[in-house]
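Letters A, B, C and D name the chains as they come in the text, with residue numbers starting at 1 for each one.
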Amino acid sequence: MEKKIGAYLCSGCGIGEALDVKALEGVVSKEFKKPVKSHECLCGEAGLAVIKADMEAGDVTLPVIGACSPRVMTDRFMLPGMTPIRANLREQVIWSHPAGDEDTQMMAEDNMRMMMTMATKVNQPVPFTEGEFSTTILVVGGGYAGLTAASEASKAGHDVLLVEKKAALGGNAAGYASIVPSKPPYHDPQPNPLPKLIEGVNATKSIRVITGATVAKTSGMPGKFEVELSDGSTHTVGAIILATGFRPYDATKLSHLGYGASPDIVTNVEMEAKLKAGKVTTKAGSSPKAVAFIQCAGSRDPNHLPYCSSVCCSVSLKQAIELTKADPETMVYVIYEEMRTPGTTEEFYRSAQEAGVIFMKGKATKVENGSGITVTVADELLQQDVPLGPLDMVVLATGMVPNSTDPDAPAQEYGAELLTADINPYPAEGDYKPEPSVPPGGPLLNLQYRQGPHLPMLADGFSDSHYICFPYETRRTGIYACGPVRRPMDMGEVHEDAMGAVLKSIQVIRNAAQGHAVHPRVGDLSYPKINLNACTKCRRCTVECPFGAIDENEKDYPVVNPTRCRRCGTCMGACPVRTISFDNYTVEMLSSMVKAVNIPDEDEEKPRILVIACENDAYPALDMAGIAKHQYSPFIRILPVRCLGSMSLLLISDALSSGYDGVILMGCKPGDDYQCHFVKGSAMAKERLSKISETLKSMQLEVERVTMVDASIADGARLPKVIDELVAKIDAVGPNPFKGF
Amino acid sequence: MEKGPKAMTRTLTYYPGCSSQASAVHLDKSLRAIMGPLGVALRDIDDWNCCGASVGHIEGGHLANSALSARNLANAQAAGPEDIITPCAACYLNTHYVNESIRGSESLKKDLNEALGAAGKSYDGSLHVRHICEMLVTDIGMGAVKAQVKKPLTGLKVAGYVGCQTVRPFANTERANKFDTYDDPTFLDDFTAACGAEVLPFKLRTHCCGGSVSVMSPDKGLHLIKELLDEVQKLGADVISTPCPLCQTNVEMYQPEINKRFGTNFNIPVVFYSQLMAVAFGLDPVKDAGLDQNIIKSDKLLKM
Amino acid sequence: MSDKPKSQTVLVVGGGIGGISAALEAAECGSEVVLIEKAPTLGGRVAALNRYFPKMCHPTCGLEINYQRIKKNPRIKVFTMAEVSGISGAAGDYTVTVTTTPRFVTPACTACGDCATAATSEVADPFNYNLSKVKAAYLPHSMAFPMRYIVDASVVGTPEGQAIKAACKVGAVDLDEKSDSFTLSVGAVVWATGWRPYDPNKLTMYRYDEIADVITNVEMERLASHDGPTHGKVLRPSNGEAPKKVALIQCAGSRDLNHLAYCSRICCLASMKHAAYVREQYPEAEVDIYYIDIRAHDKLEAFYRKAKADQGIRWIKSKPSRIEKGPNGEPVVCGENTLSRDVYANAYDLVVLATGMQASAQPPAGAEMDEYGFVVSEEGVFGAGVATGPLDVSMSVQSATAAALRAVQAVRS
Amino acid sequence: MTISPTPKRAYDLNFARYVYENIDGGERLRMCMQCGACSGSCPIGKQMDHGPRKLFMMIRAGMKEAVLTSNTIWNCVSCYNCVVRCPRKVPITYILHDLAYLAVQEGYEPAKKADNARFAKAFWWSAAKYGRTDERLVTGKYYFSFGIGEGIKRGLGNQAIALNMIKTKRMHLGMPHAIKAKDELQKILAKAAEIQERHGKGA
């Protein structure tokens, strides 16, 4: 269907008073030769009726609406057909600039020009829906997390392929005598739910269990993953849940805590086995009368595990309770530094105290094995060293090491960008300078991705999301980690986590089949298309994609896997020859929007500065500046982009060569604790920008003309100041010599 | 008031406590004087004995010390099911605690009844032991108190000093009808206000006077009393009002000693809330309020 | 559930980060979702936070994305100022009665702000925990969703009310709006009513009501927020001056059988964040953190390490027994340092009570609850977020995502 | 009351367990989480060598002698601040009182010398003998427990106070106050003591 553009201007909310709407109409009708109408309240019933009438009559298929910010009234302007294009005349023009002012008017007119130009360039995106899409969910790992995921996914109507490396299902949880309560009553240890769960899984037809196998190879994309198992079988699945759990920290590294010195110095895992066996005895065969638990055995220790393993406190409480149950006379001590029993687990702590367990705050500084074991405790509450002994047993509360790698598989090259500092939650602090640590072993899924075989992980080795609001964010779309491989967690939380991962898998399967993007650009139908004739095989797109969506074929040409793509446009920004584009988002489109702005002559002393703003944070922040009526320079022109990562350097040279006096890039904070919604889009933009100086030199322009600022959504009050400062700075450099060329 | 509270007089069992015959006679005197107008008839526990206070336990031991209260409870029950009220913080603390312990522990109940049995007595734990202040707040109410005020103590600046055991550890419990909080009780100020006197914001109202420790070892306790007096003096109080016999005695009798030790010049009257009420009710300042029994006299109050 | 659910609609009660997440996750799996929130805007408690630990990023950033997801998703219907007043039926077939309180502003509102200009009187600003005032016609805050004004009931029936009504060019002010109620037929309910801060007035030994410079952790978040009562400056409520010495008191109510028997999980880390606010704004300021145990799980331990590396922060293992009013009305924190046996009385310019989390709303009859009022039900009514227990934000979203799956499973036909 | 066991080593729990089982309120002691709210609440906490919080840790550590010779148990002013503030509802004051009783029973030196112990002796003597405590007799007996000389000295030291009390008829001279049924009370107390003896319990 032929695209028919029509513009609609709103004069409500003070726009009519602050601007010359007739003149604005002129811009549309004279410069773009398009129909234009104005109304005193476009978002009202009457106003909407005007637009709808034209669309129903077939006169307009793509409305351009000059009114409030596209962030508001979205639902009301959601009309059948193409998504309307919105020119922000309220928040970013009249609310942040003086009414009836010539410069304010110019700003509004340029906004219309940019959006009208955009309208002429966009096309209705055609979604990727080629071929078959599988709805099967592959669960890797048959422990408590994997079994829960499998069983819950089947309850939601999905076929499941459950792959467990060991001969039997159950994983670590198979060794648990009982579990820490996460549902009431919180007072006592609860029965291990695993046996029932295994029964259920085995009895479910829609779940196919393959034990004694691992994943040899994974290729494809959400809805179309091709998985080859170690047994040679191949399977097509829609989504993958990684539930490979954890391995206990290697206790042989804990000789300073006496491990190995005596068979009666055991780990919490070994103690659990004794409890499960039904009788706890010492090497000598007697039941222990005095037992000490040493907490944080390895955890919270820069020399071993920098993080807290979360569960060791409550696990020791549970084992201590079980020991006192077996023999109330047994003296049980827990040597701790911080007792960590969050939430209702606090009640479990009290329960252990009621059982008579003694808690000593301090460090175990020495563990000696003579006639009985003696642990020297630097007791912080008594402010003295206490020789605790003779003890019959000592239990080391060892922590969790994530199975984000397969310890039995040969290590493999990581993929260059996998563990860059921008995902390091442990920035060096004072004496503490942790190295990113990858648990020894090889890849679990052996992804046949350009960016390496592993599911990315954080610097502590866990395959966790870096986002607080989005714990299931993944850098490999359609692959979701859950359970202790994601974060140290207890059984109760594992259950919740597995369910969460199942939900996300169902979601990605559904959206992939419809050609929809998943979070954060949910529902976006566009995806990158590459004109290979122009491609120089520079590989920037395949390397820079934050989600590893683009591979290379045997001829080294980039191959897009559309359902892996999250539509940030980083590939588009990376491409030096503008050969990557989306149906409704192209470098050419952005460039013509930039050029659509009127550049006044030098002597008018009206500089023009292009602001390229991330639409997730910087753009809303500018809206909020408007809502708060903060004023800023009318000489800027704001170009919203999906992510600063989609900004091509060519856009900057285009701007400067067409007479802008400067360019300001506003993106999310990169680096440690990055806040970019596409993981490293803004980091990529920053990296590209580091090369801008050559471009500027070649144009004989001053470097001051181009600046990048970190903008957060809470910067509504700060950005106006930043803008005014930069405008002044650029103004000081003087007008751009290219003006008028 | 034609049909005054007397019309609806009710009887309660009364436990005066040892101090009522000594350091706190004026508390006992003034209380007996105001209870009539407030519609309460007091029936003393027959041949009541000491409660053990805060030290009996140390020499006598938990059970023997509890037996003291058990006997009082037994005698009270023999006379009737009415609530026991007591004006003394220590008496309240011990008797209430033992009573609640008996209600909560069958074994203690058994032991104590065995002990009582030696004298042919018994107690089943059915009584309710209450502090008179709680009774005034819960049963009487400030409205009824105001109604009895004939001579409002207008212009009298009063610092309300609650002390410890009147509110701790029971004031905020169910069995004490949650009559006030532990850290900033207001009942005493309400009494003062009801009498028409001026309430001063005395923030140390629940600080400790040292209790019996101040009595036995002044060196340990006097600085606590001094802190109280400093604050009261800053506030420019005419009198300190208190519900506690030991507080009244400690804070009053030690003032000369404190002046000697700390070079201060305290001479601040310390009276019982019940003395204020007696005066405000228009009763005899001496015969009924016992103002002559305060070591430091409050002329201002006497003249009212 | 053997037989098919009668309704495929999912009702999500509570529009905080938990409810929003549950609603979106379910809707993006194809379910029809109704999201109701009792406040005038979505966002709940997190919208009133300045930053999240450990990234120190802004909650509004994630909310913006989620609001965009809601705006573009026709499967989600949002009702604000609405509460559940009754639920009948059983899993798969609930009839829910929803009662709305009047906003006095219709959906026609364009958020132009003319009503606020016309308003003359001011009311306490609930978004700022009443630390400041707003006009009687106001936008809940600059990130409000829906972006719609509200007229305070106090001006209804007054000349000012009439002036406000007259000022609205689109006739969106309706002073005659009455409380209303309607019923929904839903197959599953996600209970995401979140939490409320424990009432500091119950901690009488800390004299919150008496000493102006004793505030709570949620109030601290507002003080530090750019759109808060002090525009982001942490200042002493008593005199508006910058604090030089600040105390952060952990377990103000939590882990206390006289108050909240459980641990609220987030307070330790929130206080480290607050220490960072103060140290960022006033590099000279000293911060003392009073604690029983520092609870920083998994990688949050790194956040704890960062805080410990700051020489300006002192860690005092002690549950302060009381706060006294100093000679100049300043708070004096008293207690025993359990690692040194010192009995201290330290004066501060500002004391922040790390008050804990309490379940904010009773779940509907029949929904299983634990002794603390947290939802543990697994049939028909599913708890999400802090309604199920004290959780941090990412755990709330995790819980909400799980609840979304439970709902999706329950309404499967 | 039975003699409590003396542990042989650090953190031998048999003394702790004795306290849990035999001291009034002792069973709640297990719940102490060492937060310090009690020691911080104490009006004369600075004058205590350990304070309740540390004393309780010492009980767990089996430091029996250090506990029963600590001045902490003799300095309690019974203000009950700690009791109402303890987040684990440990009845601290009661425990301190009963520990003092234990110290007296086991004849530790401070339990003979401490003011509080002497005062308690005098107080109990009066309460048990007359059924009432006569402040005059109690203080008198207390003063003379330090010996004749010291007794007179203390007596004179408080002469002014005594005179004031007498003047205001708040200290009477003559026969001590007493209940009628002294014998009855003594029977009860004797039986109580016997029961205490029987199950070797303070509680």
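Things worth noting here:
The working rule: contacts are C-beta pairs under 8 Å (C-beta built on N, C-alpha and C of every residue); 3 or more make two chains touch, one makes a residue touch a chain.
Here the structure is a predicted model, which means the values were calculated and not measured.
Chains that count as touching both subunit B and subunit D, per the definition above, are C.
Centroid distances from subunit D, each centroid being the mean of CA atoms, peak for A. Comparing chain C-alpha centroids with the centroid of the full set of protein C-alpha atoms picks out C as the closest. Chain pair with the larger contact count among C-D and A-C is A-C, by C-beta pairs in contact.
The centroid of the Cα atoms in subunit C and the matching centroid in subunit D are 49 Å apart.
Rounded to whole angstrom, the centroid-to-centroid distance between subunit A and subunit C, based on C-alpha atoms, equals 24 Å.
Remark: subunit A and subunit D have CA centroids separated by 63 Å (rounded to whole angstrom). Work out the mean CA point of subunit B and of subunit C, and you get 45 Å between them.
Counting partner chains per residue, subunit B has residues 182 touching two or more of them.
Residue numbers of subunit D whose C-beta contacts span two or more other chains: 33-34, 54, 81, 84-85, 88.
Contacts with at least two other chains are made by residues 205, 255, 317, 322, 338, 341 of subunit C. Contact topology of the protein chains: irregular, matching none of line, ring, star or complete. Interfaces, counted as pairs of touching chains, are A-C, A-D, B-C, B-D, C-D. Contact residues of subunit D toward subunit B in the complex are 1, 24, 43-44, 47, 75-81, 83-85, 91, 93, 97-98, 100-101, 104-105, 115-121, 123-124, 126-128, 131-136, 139, 142, 160-161, 164-165, 167-172, 177, 179-181, 184-185, 187-193, 195-196, 201-203. Residue ranges of subunit D in contact with subunit A, taken from their complex: 9-13, 16-17, 20, 30-34, 54, 57-58, 60-61, 88. Those residues of subunit B that touch subunit D in the shared complex are 18-19, 21-26, 47-50, 52-64, 66-68, 70-71, 93, 108, 111-112, 114-119, 121, 164-165, 168-169, 172, 182, 207-208, 210-217, 220-221, 224, 249, 253-254, 256-257, 292-295.
Interface of subunit C with subunit B (complex): residues 204-205, 207, 210, 322, 324-325. Remark: subunit A residues 331, 333, 339, 349-350, 353-354, 356, 358-361, 379, 381-382, 386-390 touch subunit D in the complex.
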